[in-house]
Every structure is written in C-alpha cells, then in structure tokens.
C-alpha cells in the first residue's frame, strides 16, 4: 500500500526545545492513532503535516506533494485543531458555511454540506446560536464538523474527543470508523489511551519528540522482548494449575490474586504457554472463568517503552 | 455530492475574493466596528451643532469643518482605525488562534492577506466616507448648487481613502512580524507623525501625515508662536497621491511576502 | 492505636487564616507581568526622564551663578514655585507617558482575565470582588505613583538640599501634601479609567486602542467644540484639560481655563463613578452568555 503521508527525518526546534526529533513515518489510508503524553510532539507533528509549520530538518509529503505553502492540497485535507478557538461572533451555521465558501463551494453547495455536517455532529437544532454560547462539547463538535464538511480524503484530528461526554465520544469514534470504511486516511491524536484503542490498533507512539514505536499494538507488544508477557487466568483452583507449570523453565514468575481464584503468570514464551495450558485444562477438566493478557494493551506497552 | 469545483486549486484572485467576502461579513458583525462607526458620528453631531449655533456664519462653519477634517479625520480617526484594523489582519488570527482555519483551506496565503486587507480597508473607507459625507454636506449645505463642492468632497474622500490604504498597509506590515505591533503603531501614529511635523525641510516627507495634509486645505498659522506650530511644506498633490499609493503598495507587498514565508506559532 | 493514612488527597483540618490584604498577590502578579514585557521596561525607564529633567532644572535654578554665562535674564525663567511642580505633573508628555504605560501594563488587567475565564478561578478563592478590584487597581497605582509621587518627592527633597535652607519649605509648607494628593488623584483616576476600558472587552489589543483613543479623542473633541462655541467650558470635554484644572486647584495656581474647577472634578469623578458601576456589573464569578 502506498503511503498517503510520508515524513523523512522530520525535526523541529522551538528555540532550544526539541519538538520533534528525526521522525520518519509512512502513514497509509485508514486510521492511525498518534499516541503520547502532553508535550510529546503530537500537535507539532500535525501542524507540520498540515503546513502550519515548517520542519527545521527533513521533509513531509502528503499525497506525494510538499505541504508547505501548497494550498492546493487543502481541498483534500481536513484539520481539526486542538485549540478551542473560533470566530466567536458568528453562529455555528455561519461558521461552517463561511469556511465552506472559503474552500470554494457555492452558496447552495456550502449550505448543503453544512447541513449534512451539522447533522453528523448533531448540532442542527443549535446552528443559529452564536458559537460563544455553545458548551465545550458543542464547540468541539462544530470544530470537527468544519474538518469534515468538505469531504476531504485526509483528515487530521488533534485531540478530537477532548471536552466530549462519553456518549459524544462514542458517536465521534463511530464516525471516524465510518470514514475509515470510506477509504479515507485519518490521523487521530490523543493522550488518552483507551480512546485510541477504541478507534484503531494501528498506532504511532511518540514521546519527547521521538517515535517510540509504530504499527499494530499487539505486534509492538510482541516485539518488546525485554519484558515478559503477563497472562492472567481465573478459575476454581489456580494452585492446581500453577503446580502443573512450576517445573516449566519458560515460566519466570507466578503469583496468586488476593481472592484465591486467579493466577498471574509471566513468561517469555507466550505461545508455548497457551499451547500447554490448553492441554492442562483439558486433561485436568479445569473450568476457566477468564483468560486475559493484562499487559497486552496500549497503556502497558507505552509504560514499557517509556521505561518508568 | 459534487467534489470541489476547482480541484486544481484557486487562483490568487479567487482566494482574494473568497477571503474578502468572509472578512467583510465578519468585520460588519463585530461590536468593535459598531464602536468605530459611532466614533464617526461625532463629527456629524458637531456639524449639526455648528449649523445650529453658528447661523449666518458660513465662512466660520467652513473653517470649523476644515479643522474637523485635519484634527479629527486626518490626524486621529484614520490613524486609529487603520492601526486597529491593520494590526488585526494577522494579530487577530494568531491571538484568536483561528489562523489554522484559513491556512488549511485551499487559499493562497497572499490571497488570504490581500483579501483581509481589502475587506478591512473597504469597511474603513465606508465608515469614514459616510461620516465625512454627512458632516461635509451639513456644514456646506448653503452650496448645494455649486459643482465645485462635490469635487471638493470627492477630493477629501479620496485623500482619506488613500490615507487609510497607506496607514493600514504600514500597520499590517508591522503586524506580520511584531508581537506588540499596536504599541509600535501607537508610537508611530501619535508620536512620530505628530513630532515630525515640527521639523523643517525634507524630514516631514518621512511621515504619512505630510502627504495627507498636502492634499487637504491649509490651516493658517499666526501669532508670535507661529514658528513653533507645525510647518507644512506641502508636496504637490500628484506627488502626494503617488507617494501614498507607492507606500501602500510597498508595505502590502512586504507584508504578503512575510506572511507567506513566516510560520506563526500560537502563544501557549 | 496507630492509623495508617492512604496515600493521596485528604482533607486538611486546619484553620484558614483570613489575610488582611488578600489582593496583594493579584497586584504583585500584575506588576511582574508588566515588567516581563521588554518594551515596557524601556517605557518605564523613559517615564522617569521628565523627572530627571525637572531635577536638572532645580539644580540649575539653585546654581544660577554658575550658569549665568549660559542663561540671560534667567532668574525669571527658572524660578521654582509650586507652579513648577504642577507643570511637571500635568505636562502633556508626562500624561502621554502615563497613558502609554496604561496601554502597556493596564489594558490586559481585566481583559485577559475575561478572555481566559479566570474570574471563576479568582472567586473560587476566599476573595471578594473588592479585593480583586483593589488588587488590579494597585497595579495601576504602583506605576502611576512611581512616575509622579516618587520623582515629585525626590525633586522636592533635592530642592531643599540644593538650596541648603528651608526657605522653600517655609514658603510653601502645604506643597508636599499637594504633591502627594495630586499624585494620588492621578493614580486613582487612571486606575478607574484603565480598568473601566479593560473590562469592556476580552480583546486586550482593542482595549489598548480604546485607552489611547478616548484620551486623545477627548482633546480632539475639545478643540473642535471650542472652534464652534468659543467658550472655555468646552475644556470639560478634555480629560487632559480637566486634569490640568484639578492640578491648578491642588497647587494653588490659576487654572488654564476660566471654568470652575469643581466642574472638572465632577467630570473626572463622573468617569470614576461610571467605572465603578460598570466594574461592579462586569466582575462576577459566573459568565452570563446571551
């Protein structure tokens, strides 16, 4: 698959502060989650990709073209910035239609697109209210609406879920997934890990301006060889299960939960353990209530990579 | 739904037109424009007062109008308006953090700058012209049949329009690279522009107000301290017009270049 | 029996001591923020120049023999009287510098708080509206008094030192009170003036323009109305002229305009009263959006 967005050795300084350091990425169509704590460089990366800033070193291309001062590209790009900033004296309707007119749509088409965008974000009933009277969530939704109203191929969303209530977040996540199924390229940034996990398994982890890891979350986890995998098993007699594995040299550590019904195993050879566990469960007739990998999630992977 | 009608991207003219329309609309909506519009009503009110309280003194009324023209319009109103709107062209977007809405549209940066500049200049010209129209014709109501009166009005309106063009261009240029452009603008507009008028010779030509006043009626200076009053050594009207246009064009060109090449970071 | 506290937040059982001047942190922060702007530091330093020039004049006036070669008929031109102090404190460039300082340091005092919705944060502390306003006003007091009271008193003291006797003090024993009183009046007026305009908008750039514009416009309006009505009462429209009138009263001088000084006091007092009304309405913990 050809990369839609490509960066090569991207670096950016703010005076003496390093915003991004040697970031080389190829982003394909679909949803890519950009994950990192506050100040990691996510917004800097997005601003460079959307032509708001120039990199000090390196190159960024979108759809094969340089972005800086290439305004023609922006009919294909939609950007939802992080800042809660608007032209406050206008209504939601005026804001959307105004920006659509700026994008080159006629009055009638701008109205049609604005109506659709407002329906998508469920702001139709409030479209004639001034933006300054909107709640935080409504402001976030109208910001998202302006990013998608012109039906761009590439959507860059900087902390799009910030300020939304749980229902609003769920709706927006569903919307983003719908855009993915339409073949669009979406980059979503967040510092809230479950939000990214809910949208995509393809992530780029960024910390202190550097890329820590990129790819499928599970594959990244598997690549972290220095840390053993944790597997949690819940059953009626965990000690019996433990007894069956105690002589297995691939098991590094076993611990029992305080309720006496769970067993947590740490092992370098996860696949071998699962294979053996299958046999043990069948042979001994053990009723397994729950089987999970507590560290096979974004938080754990991130923590490992940042090395607390 | 149809895709964008111009997938190749808009020309400079199209960018300019779209941005002009948006900011002309926005500019009319803000409360600040209403305040400046009200400011323009003051000379109209003084014109009415002059007609009421100076009956039968047509020449004195004309002298009062000339005073209003120089003291209010030339050295105060257009400077304040141009300072606010000129510096707002970029500062409004960076302080309000709305610049990304413009720069992530298919619009050339030059078109964005020029469109916003033109929108604000148009707004200011309309405000000042309306105010000037009413105050001028109220004060010169006794000469409605005189064709020269209308030519005089057009001359004054044209001169003020040129002044707005030039001042706005200068302040817009300052706004593209200075964080506190409005302070520098205040010092220039009400400091340098006032002080330099007391300098003899060519020094006066280093100010915009010199060219403005060269297009305006002369005020008589007299008395023992006339040497201390500002000494206008006017330029020829054609030269004054040309200089104002050249100054406006030069600063607009510089500002466009800066706006295109500079990256604007929001203050955190 | 020992108790084991859980790590994390727990309620503090102590007694909150009510501070006598809860507005002082607001003032301190406002002053620090003003000095953080590099341009303001130059402006503030420059604002002392008139005082230094006045000091130089005092020195020359006390050492006329040394300067006689340079100055002819000088004992009339450089004679230091209460009028000199009045002239110094109402000198148009000095007032212009004060306005410039207000533009720099005062325009964002309330406007920035409105922009960033900080009023709720302020009033979630044990702070009353008057503490908040006092804190903001004290920022203006600091800067205005720094360029009026401080140089005024210094010049007065140096006058006595250069003269080598107390003749000046005995001739005008009330002068020091006039310096203090007029400086305080300027500080209070400019505080009300600046805060009124700062509370009118969230955009501090617009407030900067307003601070300058209204001050300047009042003078312009005076000139225009004067040319129509040819009466000195038009001076009441000019903030600068009214300040000059009050200065004349405080320093026992003849007012520049033959208008009862009480009227000037009423005009300036009216501006302060309007400011108090508007500030009372604008400053509240909850933003009302229409």
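For reference, chains read A, B and C in written order, and residue numbers begin at 1 within each chain.
In this section, a contact is a pair of C-beta atoms (placed from the backbone, for glycine too) under 8 Å apart; a residue touches a chain by one contact, two chains touch by 3 or more.
Remember, predicted model here, so these are calculated numbers, not experimental data.
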{"item": "Highest C-beta pair count, chain pair", "value": "A-B"}
{"item": "Most central chain, Cα average position", "value": "B"}
{"item": "Per Cα centroids, the chain farthest from chain A", "value": "C"}
{"item": "Chain A and chain C, separation of their C-alpha mean positions in angstrom", "value": "53"}
{"item": "Distance between chain centroids, defined by C-alpha means - chain A, chain B (Å)", "value": "49"}
{"item": "Chain centre separation in whole Å, for chain C relative to chain B (CA means)", "value": "31"}
{"item": "Chain A partner contacts - residues on chain B that touch it in the complex", "value": "1-10, 14-15, 18-19, 21-22, 25-26, 29-31, 96-109, 260, 263-266"}
{"item": "Partner chain C, residues of chain B touching it in the complex", "value": "32, 39, 42-43, 46, 49-50, 53-54, 63-64, 67-68, 71-72, 76, 80, 83-84, 87-88, 91-92, 95, 180, 182-183, 186-187, 190"}
{"item": "Residues of chain C defined as touching chain B within the complex", "value": "37, 39, 100, 103-104, 201, 203, 205-206, 208-209, 212-213, 216-217, 220-221, 223-225, 227-229"}
{"item": "Chain A - residues contacting chain B, complex", "value": "14, 47, 50-54, 69, 71-75, 77-79, 81, 83, 85-87, 89-90, 94, 98-99, 101-106, 109, 112-113, 116, 146, 150-151"}
